[in-house]
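Below are two complexes that have subunit A in common, paired first with subunit B and then with subunit C.
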Partner chain A sequence: MKITKFMNAVMMTAAITFGGGAVQAQQSGGSLVFLVQPEPPTMAGYVSTSGPIGLLGPKIYDGLFDYDNDGKMIPVLAESVDMSEDGKTVTFNLRKGVTWHDGKPFTSADVQFTIMDVLKKVHPRGPNSFKEVSSIDTPDAHTVVLNLDNPAPYMLRALSAYESPMVPKHLLEGEDIKSAKLANNPVGTGPFKFTEWKKGQYIRLDKNETYWKEGRPYIDRIVGRFIPDASTRASAMEKGEVLYAAYNAVSNVEAVRLNKEKDNISITTDGYSMINPMALIEFNTKEGPFTDAVVRRAISTAIDRQFMLDTIFFGYGNPATSALSSNFAATGLHAEMPHYPANGDVAAANKMLDDAGYKKDSDGVRMTAMFDLIPYGEDWKRGGQYIQQVLGEIGIQVELRYEDVPTWLKRIYHNYDFEMNLNYFYQLADPVLGVHRHYGTNMIRKGTHFVNSSRYSNAGLDALLGAGMKEPNAESRSAIYLEIQNILARDMPVVNLFELEFLTVYNTKLKGAYGSAMGAYSSFGDAYLEE
Partner chain B sequence: MQGIPIILAIVVMNFFLLNLAEGDAVDVLAGEAGSATPEYMEKMRAKFGLDQPLPVQLAVYLKNVVQLDLGYSFRHEMPVHELIFDRFWATLLLMTSTIILAVGFGILLGLFAAVNLNTWKDALISVFALITYATPLFWVGLMMIIVFSIKNDWFPTSGMENSAAFYEGFDRVKDIAHHLVLPTITLSLFYLALYTRMMRASMLEQYGQDYVVTARAKGLSERRITFVHVLRNALLPVVTMAGVQVGALIGGSVIVESVFAWPGLGMLAFESLFARDLNLLLGIFLLSSVLVVAVNLVVDVIYCFLDPRIEVN
Partner chain C sequence: MNDFWKLFSRNRSAVLGLLILCLVIFVASIASLIYPGDPFLYSKYPLSKPGENGFLLGSDSIGRDVASGIAHGAKTSLLIGLIATFAAVLIGVIFGALAGYYGGLVDDVLMRVTEVFQTIPSFIFAILLVAIIKPSIESVVIAITVVSWPAVARLVRGEFLALKNREFVQACHTLGMSDYRIMLKEILPNCLSPIIVIGSLMVATAILIESGLAFLGLGDPNVMSWGFQISDGRSMLRVAWWICTFPGIAILITVLAINLVGEGLNDALNPRLRERN
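After this line comes the complex of A and B, so read on.
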């Protein structure tokens, strides 16, 4: 076995982390009250990747690794990882002396159970992340060996506490995992222990006095508060009743105002790079007016992405330049593609449609369509209104439709009863985890949400996606994804609009909560309050 | 006794009405998760009993209700009655304080306006009532927060208790009372206006009755006529209205609960509708209908005190 470059990254990061810890003088104690919006249904992060669960789960459950803002792996429950030369054997060396909140020791059996019986079976994304894992050996209590059918380099990007939380075997074994009591009474190895959930009010976590990391956590108590009204959330932030609000729990307009008016409130866009949200339009490629790729390319060409970002999202975000987020550039998986002008080109789009033979009638209309909007708030309505206007200029008359979440999900992902749909997708830490589901023929799954609703199917692309998944060599992988991006820029079953940047609003007395790429979905073990 | 068939009819109607909505709890859960495999969703539907035909689902539900079992919320992984009773006290607290404040002040203001008919005092009260009645609740709530919480640090912005301190014993009671002030005032203002106008009209109507002329002819003082004779009769319609509105208060407080993050039933109902958590929603509706029936019984008893001519059989 050979220590890969991942290992080097791990060791470097560890050195940096420990070095940093010794210099600063952190204060212990205090309560961190932060916004959780909306209230989560349960605390079962191993069954659901729902956002609000992500805000609380990683404080209670640890992952094998965390990731710093440069994407480097930080050891958490695993001290190191080795990958064999052929990429088919992955070995984790676990931290010793770790215990669950109920006092039982954490061992390799827990990891084996978590991956094989929980994540691979009931987690929404786990079956993809751990697809290639055929079996797991546990030679001793602190060594875990994953046997893979094919190399799966992307798997090492999905080991955070949010994406793959480690859960206690002794509390889940033999139970129906989805309805086990653990969902509302979480027991993890994390820096905070679950204490109380007052429905409609808050979830309270208290310091884990026996946390494996010496001297951590600094904070005595974390409280996630639920405030349904957006204006009240901003008021609570302004008054200092809550100290931290991520995922736009405080709207951009209020966040910018608070940042300007209050000395003790700041904003950041860090902490979302592993989530990688991308705003986009999905098209029905099987029926309706958008079956022709030329029309979809023309739409992509006409939209002024920068204008949308500036006027609707306060400039927080970057125009998309390909089917893949520019955040993948770090791993060589991003290239700029044609038909993605940042500022939009209505004339060129009109010419494309004229050349393709789509004639305007006497009212200047080439075609009409229904445009569905993601029902996640006002920003998306405004985005829809802007696109409606631009499409009018190129002779596509659209009517907007805004429904409630279950109705909308059913329409798009179950009935396919739509023509174009404004949406956003998490592209996650690797295209295999977040992007493949949008384009692969095997991801045309009636009734499954946030997959290939365009029903786009291309055997050539499928082969490339399959190859990209298994390729361990970075350069060859980069070449495969270049070809994938070319095909998607030509066929455009989905038009990417912009890479969203979510805002985190925080009170400046909260320190040390920003070192993880997981942002709000991290453990807050290093966070502390400065009075 | 008539209450029971009414409540059952409400349950059946609600059941079919709610099932008209597109999508189910599994769609929402899977949607929130970002992605889920079809096998996973099928398994969940089977587990929730959503794969059964509607009449079967209804029969199962009715059987459970008759046995006083409100079912299980699969979304929250908790029995419905636990979820509801957790929130019920918060709603009851807000509702009781609001009714006392609104009905109490409404009666006083209405009485005062009627006694001072067509003076500036009457006009002032009428204008006040009109403005508070016409102002949207959410706006009043937000203004309350801005003025009394942010500009003046008198009250907390939202919530039911201080979630950084976690007081216990008497301190906790004080803390909850402190949090209760703004939502109660906000919710009361709207109803206060209603009762004021109603009380004033009712008083004026009673003043015109023959018995008032008789009382005057007997030589009773105006004060005695107003407080002993007119007031008691004028209260009847106000009390009736208050009884009817208890039901509306549960639903109508959604806005106030949302603005002040008050953990009541209205908000729970609102959320469970969008989550298609039908068991929970049906449970809340059931409780509300029971509550309305119960309060109307109480109102009937109050009638007897106000008007000895009415008897309870």
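After this line comes the complex of A and C, so read on.
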């Protein structure tokens, strides 16, 4: 596979880094220009988890920890973490001598403020991640003690600069956090300082000369460029004008071509394991044609997931086999479920609908429906057109609807004015962080994006979700999630399609930027350019 | 009729245009016969080169037949072109006729309205309209109509202004004919030829606007069209050139053919140009 090329690059980097006495060392200096697509609305990563903010935010703001590609925690602003026996007290020992970009010292008060007043209140996922945190003590300037109501082991997976950036208390205290000036003039502790934002063109970050890590960052300047046109992005990559493009900013078809044709361009699927994206169809379970679970199961059975991956995403990704991603198999939280045939089974789906009494009329149509498509580009439109054809084969005639982003969000998450919706969700590093929001009754939050828009509500499932959140024992936890997956494979308020694998395209001149599990959402403090 | 054909056929390129146009109409009308299935139907052979796996013009990224798309797209393009033009001509004639015939306040009001429409760049206005109404075949037709009628209104107004004081119209007045009858039965037939010419050219513009909208992703996602094919294949131009090249050629020759026919009609119907060539 193409990945070997990347592995070679990693090995080479490793050889250079650890090879003691090797001729080359990390070179300081240079500008890294990379693609940010689309332009972010603000730079407030503590208010919005929007992708483009994630590409730039973690270069400016540090988190308490980062994670390597094996999922191990790498100390950043916290040097270590201790958890008490009962899991209800978590103590962070903060790094000393860290300063904000404006020169003020970073202390435990900043951490306390960030978690209690920012992440728990205005962050989209923070209320979930830090749900159990009832109070925070700061015995001294470099010790933070979190008091929890219940053990919350998943919290330790949500401490990266993208998921939980540490923000300066002195610039936010007393302000309305959502509209504070900090959003467009970010001040963090990260390796790069915010310098300039030319709307419609680029955001420029410069080296933080007083960064806490000795000798880092290597790069003098980072420029995130916005190029709205897909072909122009690909040619900018080809010409070496930009050196790095993540989250399919360069489409798979072009990425594969560049990897093959250009010696200095490689691709990787690393750096997305903490994001864990899942393509899916959300159904309106309260009204319209899909209130009956049989129909939803039939749809899941009919779709040829492998075909969609092969043709639309050029083979990158895995067919979904359950409500939970197979990436959770490592922690024992994944099991293969029925009604998820990788290659689709139209005959079986037709039989399910026949048996349930949905008769085909003379044109072979059992029911008609409107199918909304996530307005994130032509890949999704193509996917929708494929599904439209397959559903036609099982007698469900759907019309496609493709609107602009605000209209679509409003339709799905404010008005619930839809029948079925093609979408993708980040399942993140733990089901509590990324999956619960899709199914819990308490996650039917009108007006909040990317939560339970199906309005599926099942008291039994709610109880299991609650139990899964608190269970510290891995084996019992895996049993709970097996039951959850069984219920969801039966009721299917959401039909998962495939685990997306995003591609990062990079110029081999850029080294040292691939060690974090956060991938493009990492700090780039260790990245350097080789001329 | 024979005279008309003689005049028309003197313009060789117009005849060529007519032939091509007839071919396009023919393909559009038998699209469902030669490609009976849905043009959106996927297959297991994505990105086949032209001629490979039984695809005359190749297949796209999910294995849809490009040739089938072009045949079905021809139907869409021609229908949208004709319907939108018909609607635009109808509205334009009514506005222009009333303004030209009555003059005065009616003229002022109607022409100011027309000017409002004319001052907005037409393609941007069409994008706006389709974005406001949801993208569908109806909204595309409405958008094209709304941006196309002012030109007709202007033209018809000019013709009516020139004709309304001629002797034959005055004679009609003397005979006590109603305004409605004079406009419809006497003046309109006399300015039909420029309307036919502008109408024929408008079909070409309408096809271009439709393709442009579909290219920008504002077409009806349920209807196959040339613009959609180009927009879908554009990102793959370097890997699979055939996906957007063939629909592009289809648009090019259709629009060219319609323009040639329009030119020929102009030559044949405009008495002042009869001695040309």
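Quick notes on this structure:
One rule holds for everything that comes next: the second predicted complex is superposed on the first by the 507 of 531 C-alpha atoms of A that agree within 3 Å, B and C clash if a C-alpha of one lies under 4 Å from a C-alpha of the other, contacts with A are read in each partner's own complex, and residues count from 1 in each chain.
As a convention for this text, a residue touches a chain if its C-beta (ideal position, glycine included) is under 8 Å from a C-beta of that chain, and two chains touch if they have at least 3 such contacts.
It should be emphasised that the depicted structure is a prediction, and the values quoted were computed from it without experimental measurement.
Bringing the complexes onto one copy of subunit A puts subunit B beside subunit C with no clash. When both complexes are overlaid on chain A, the residue A:Lys381 reaches subunit C alone and has no touch with subunit B. Once the two complexes are overlaid on the shared chain, A:Asp404 sits against subunit B and subunit C alike. When both complexes are overlaid on chain A, the residue A:Gln389 reaches subunit C alone and has no touch with subunit B. Looking at the shared chain after the overlay, A:Ile312 reaches subunit C, while subunit B stays out of its contact range.
Once the two complexes are laid over each other on the shared chain, residue contacts for A:Ser231 go to subunit B and to subunit C alike. Shared-chain residue A:Lys260: touches no atom of subunit B or subunit C.
Subunit A has more of its residues touched by B than by the other of subunit B and subunit C.
After overlaying the two complexes on the shared chain, residue contacts for A:Lys359 are found with neither subunit B nor subunit C.
Smallest inter-chain Cα distance, subunit B versus subunit C, after superposition on the shared chain: 6 Å.
The interface of subunit A with subunit B overlaps its interface with subunit C at residues 231, 404. Against subunit C, the residues of subunit A that register as touching in their complex are 230-231, 234, 251, 253-254, 257, 307, 310-312, 373, 378, 381-382, 384-386, 388-389, 392, 399-404.
Taken in their complex, subunit C has these residues touching subunit A: 38, 40-42, 44, 46, 61-63, 131, 134-135, 217, 221-222, 231-232, 234-239. Interface residues of subunit A facing subunit B in the complex, by the touch rule stated above, are 31, 33, 38-39, 41-42, 44, 48-51, 122, 124-125, 127, 178-179, 183-184, 198-202, 204, 221, 223, 225-229, 231-232, 235-236, 238-239, 241, 404-407, 409-411, 414, 426, 437, 445-451. In the complex of the two chains, the subunit B residues touching subunit A come out as 21-24, 27-38, 40-41, 43-44, 47, 75-78, 83, 86-87, 90, 138, 142, 145-146, 149-150, 153, 156-161, 163-166, 257-261, 263-264, 267-268, 271, 274-276.
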